[in-house]
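Same chain, two partners: chain A is paired with chain B first, then with chain C.
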Partner chain A sequence: MAEWIRACATDDIEDEDVIRFDHAGQTFALYRKDDQFYATAGLCTHEKVHLADGLVMDYVIECPKHNGRFDYRTGAAKGAPVCINLKTYPVKIDGGDLYIEIG
Partner chain B sequence: MNEHVSNPSVHFPRDYSLTGPLNQQAVEIGLANAEWYKTEIPRARMKELMKRSDGPATRDTLLWFGLMILTAAIGSYLWPSLWCAPFFAVYGVLYGSASDSRWHECGHGTAFKTPWKNDAVYQIACFMIARNPVVWRWSHSRHHTDTIIVGRDPEIAAMRPPDIFRLALNLFGLIDFPVALMAMLRYSAGLLNKDEKDYIPESEQSKVFKVARIWTVIYAFAVAACFYWGTVLPLMIIGLPRLYGAWHHIVCGVTQHVGLAEDVLDHRLNCRTVYMNPFSRFIYWNMNYHVEHHMFPMVPYHALPELHKEMLADCPKPYSSFADAYSEILPTMIKQLRDPTYFVHRELPPTAHPFKPAPVPAH
Partner chain C sequence: MDRVVIIGAGECGIRAALTFREEGFTGTIDLIHGEPHTPYERPPLSKPCADGLSLKPIMGALDLGPNKITLHQDLAATAIDRTAQQVLISNSESLAYDRLLIAIGAKSRPFLWNDRHVPNLAYLRTYDDAVRIFERVTKGSRLTIIGGGFIGLELAVQARSKETHVTLIEAAPRLLGRAVPAEIATVIEARHRAEGVEVICGANIVDVDSKGSITLQDGRTIASDLVVAGIGSVPVTDIAAAADLVIDNGIAVDGQLRTSDPLIFAAGDCCSFPHPLYDGKRIRIESWRAAQEQGAHAARAMLGATDDYQSVPWFWSDQYELGLQIAGLSGEASQTVRRDLGDGCFILFHLSDNGRLLAASGIGLGNSVARDIRVAEMLIAKRSLPDPAALGDPALKLKSLLTA
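Take a look at the complex of A and B:
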């Protein structure tokens, strides 16, 4: 059963940046770019490093450990050393808060 | 002062292969793919330091290629007189040593902001240093995950007891280059060894073979050109500089980890930061800031001096020069010939956070 979870205030994320959000034993990465918001799984699919410590460049998140890159809008892995796509989650904004839908 | 210690609880000889029992042991006790110590740096400052730019790497790459073309052209013009020697000496270092750092930085994808520029320089540098771009991307990825973890890290330059003779021969590529050429032929035949299969995903393996076959054709053309024109000059331009110009990358590379601790989870214990002259820093692309690079590999080479300043209070004292580093490394390697448990334990300044403890196997 999918449910919407409040993750943070929209102002908690700077433009072209990422923060970490943990909920119910899961970890997520939340992104902001030009006032659009996105959510993905929080750990790199290569070696389970927190992506929130990485670098956001346009619509790409770079893993801080091995520099693997993903398009955080689609979760697409953009080449070695990441070969497995990142899971993405729907988001919505309500009253200045960011919600993600966790299935 | 760094402390020189022996650890008699570690039994030698150790099996450094990636398919031996120490791989499994590292996984079981939590040394593999572990969380490493990181110096606390505010996120805003880290974002500044991680920021990518094409400027410095484009300037350095134009200078690098420009100097190679110039020295190779003059060297070839003066060939075979002795006057060509200084030009080929410079060309050799640019080809056989600067390619090591370009392979490294572009492999991380941090040198340039534009991905295709990283990829293009990466492919060229890999050919020059004779490292298959697919094999070494995965090997280096493992090196960063499990830095100097025995049984896990495929890039340990000096296993204990150190093979000093091998290191000396590699100053002129006399082991590494023939081994690389044999590997190229093996990959061309579609074969990977057990260690390579351990760290290269199956989906990537066909790319190894494709690149190796292209390289084999290039080397075959260079050799054929030598026979056709009756001169070794074509191989002085392609291939042989990996021998006569390799010394600088070995001299720099040995300072990175040799003689320091194995099986730890804190890069301040197993990496060295060494101050170097501007020439070496250009050739080595600032990898002398090696603690900094390992702790924060997403910081581009041109920002490492700034990162170094941020981390200084939390790190052991940097080595002041090559001489300072080698005055520790050489005696340590010699001592390790008799006592492989011997290593250098770095000392932290009072301002630093304590070392992160690493798990040890129960005996």
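Take a look at the complex of A and C:
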């Protein structure tokens, strides 16, 4: 069943950056770019590494381990060594808080 | 151009083959794979995950069929006939080429004692090597590793997790040689000692007997159930040399990865190339990412692209919970700036006389240095002259230097 979960305060994420969010045994990566927010699965699809340790450049998150790249808006894998897309999650802002819909 | 032949289906050969298709090449691609297994990744051989060693196919190695790439598995290229433009393979067939890529990698440097191979000494380069080693790395058994390089140290990590006794013998005064700064090698050595690895640096071996017992000059004798030599690797050049291609610390190629024969290219661990970021100095790189990048670069060059390969060399290693990453080459650096990231994690920036960033090396928990090393890599590629004070200030976001 889908449910909205409060993930963080919007101010917790700097512009063009990423943070990690763990909830109920799952881990997510949350992004902010030009005051838009995005959420994806937290682990790289290559070797289950936390993407929040990676570098964000524009709309691309680069995995810290072997530089696999994903477009965090769509989750699309952008070439070797990653070929499986990231799952993405809907987000909404309420007050100063960021919510993501999981389920 | 209709026919491409690639020798070697490692990280480099596979990426090259797939790049031809990504670029729209419609001719034939024959990939000669000298090993009996599905093309697999080497880094996991020295860092198997908790459920043990397994063969991890290279990304795309399972998509060769759909991409109409013919894999000649468990067959070796035995000769290159440059006049006839043919490669001979071990089942006596021959494959004609319009362009040939040699991506035959490297092999473990042999440890010779009195100019002879030592019986029962193991090396770690292939999946079969790893199977043989890990069968014997068991609780209570005794493992001796000759050589304090990355592969030996990663093997020590695995062996300690299985409660094997580990002795690591290094001839030099410290671990990891010149490619890794002493400050980082010290952290890694301390971590191994804390884990119970007996590290002996500056060791001078005076005898190795046929049972693998090693005697050092100080009189110590180290008996073990298994001895593994990890003393570096040497490029495979046999078939290229036999075909009279120029060899210089590997198969010598130009900036576009072309050998001395314009129809033949070489890439990955087997080749040396002039690096534009380092005054065109000829270097050979043994790195997983460089092998992929060079494979892709060679494929595009064979299709007519004219740009030079100039990616910043990059390497990582896992040591227990610590991750090490190095970008660039620090050889010509004359000053070092340290950036502390907390929890014992730090990055060293290596700058030239005139302030150009040449390399960065970092060590820390997990992937904690990855982001900064990645930014450093971009600064190195841009030949930036970053303000040393900014590099050393952890409060300042490194990314801001990219636009400076």
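Brief remarks on what is shown
Keep in mind that, in the parts below, the second predicted complex is superposed on the first by the 103 of 103 C-alpha atoms of A that agree within 3 Å, B and C clash if a C-alpha of one lies under 4 Å from a C-alpha of the other, contacts with A are read in each partner's own complex, and residues count from 1 in each chain.
Note that a residue touches a chain if its C-beta (ideal position, glycine included) is under 8 Å from a C-beta of that chain, and two chains touch if they have at least 3 such contacts.
What you see is a predicted model, and the numbers here were worked out from it, not measured in a lab.
After superposition onto chain A, partners chain B and chain C are found to clash with each other.
Look at A:Arg69: by the touch rule set out above, it reaches chain B but stays clear of chain C.
When both complexes are overlaid on chain A, the residue A:Ala80 reaches chain B and chain C alike.
In the superposed pair of complexes, A:Ala9 makes contact with neither chain B nor chain C. Of the two partner chains placed by superposition, A:Ile93 touches none, neither chain B nor chain C.
Of the two partner chains, both chain B and chain C are touched by A:Gly54.
Common to the chain B and chain C interfaces on chain A are residues 46, 54-55, 62, 64-67, 80-81, 83. Partner chain A is touched in their complex by these residues of chain C: 15, 18, 59-60, 288-289, 292, 296, 316, 366-368, 370-371, 374-375, 399. Contact residues of chain B toward chain A in the complex are 33, 47, 50-52, 108-110, 113, 134, 137-138, 141, 144-145, 201, 203-204, 296-298.
Listing the residues of chain A that touch chain C in their complex gives 16, 46, 49-50, 53-55, 62, 64-67, 80-83. Listing the residues of chain A that touch chain B in their complex gives 17, 46-48, 54-55, 57, 62-67, 69, 80-81, 83.
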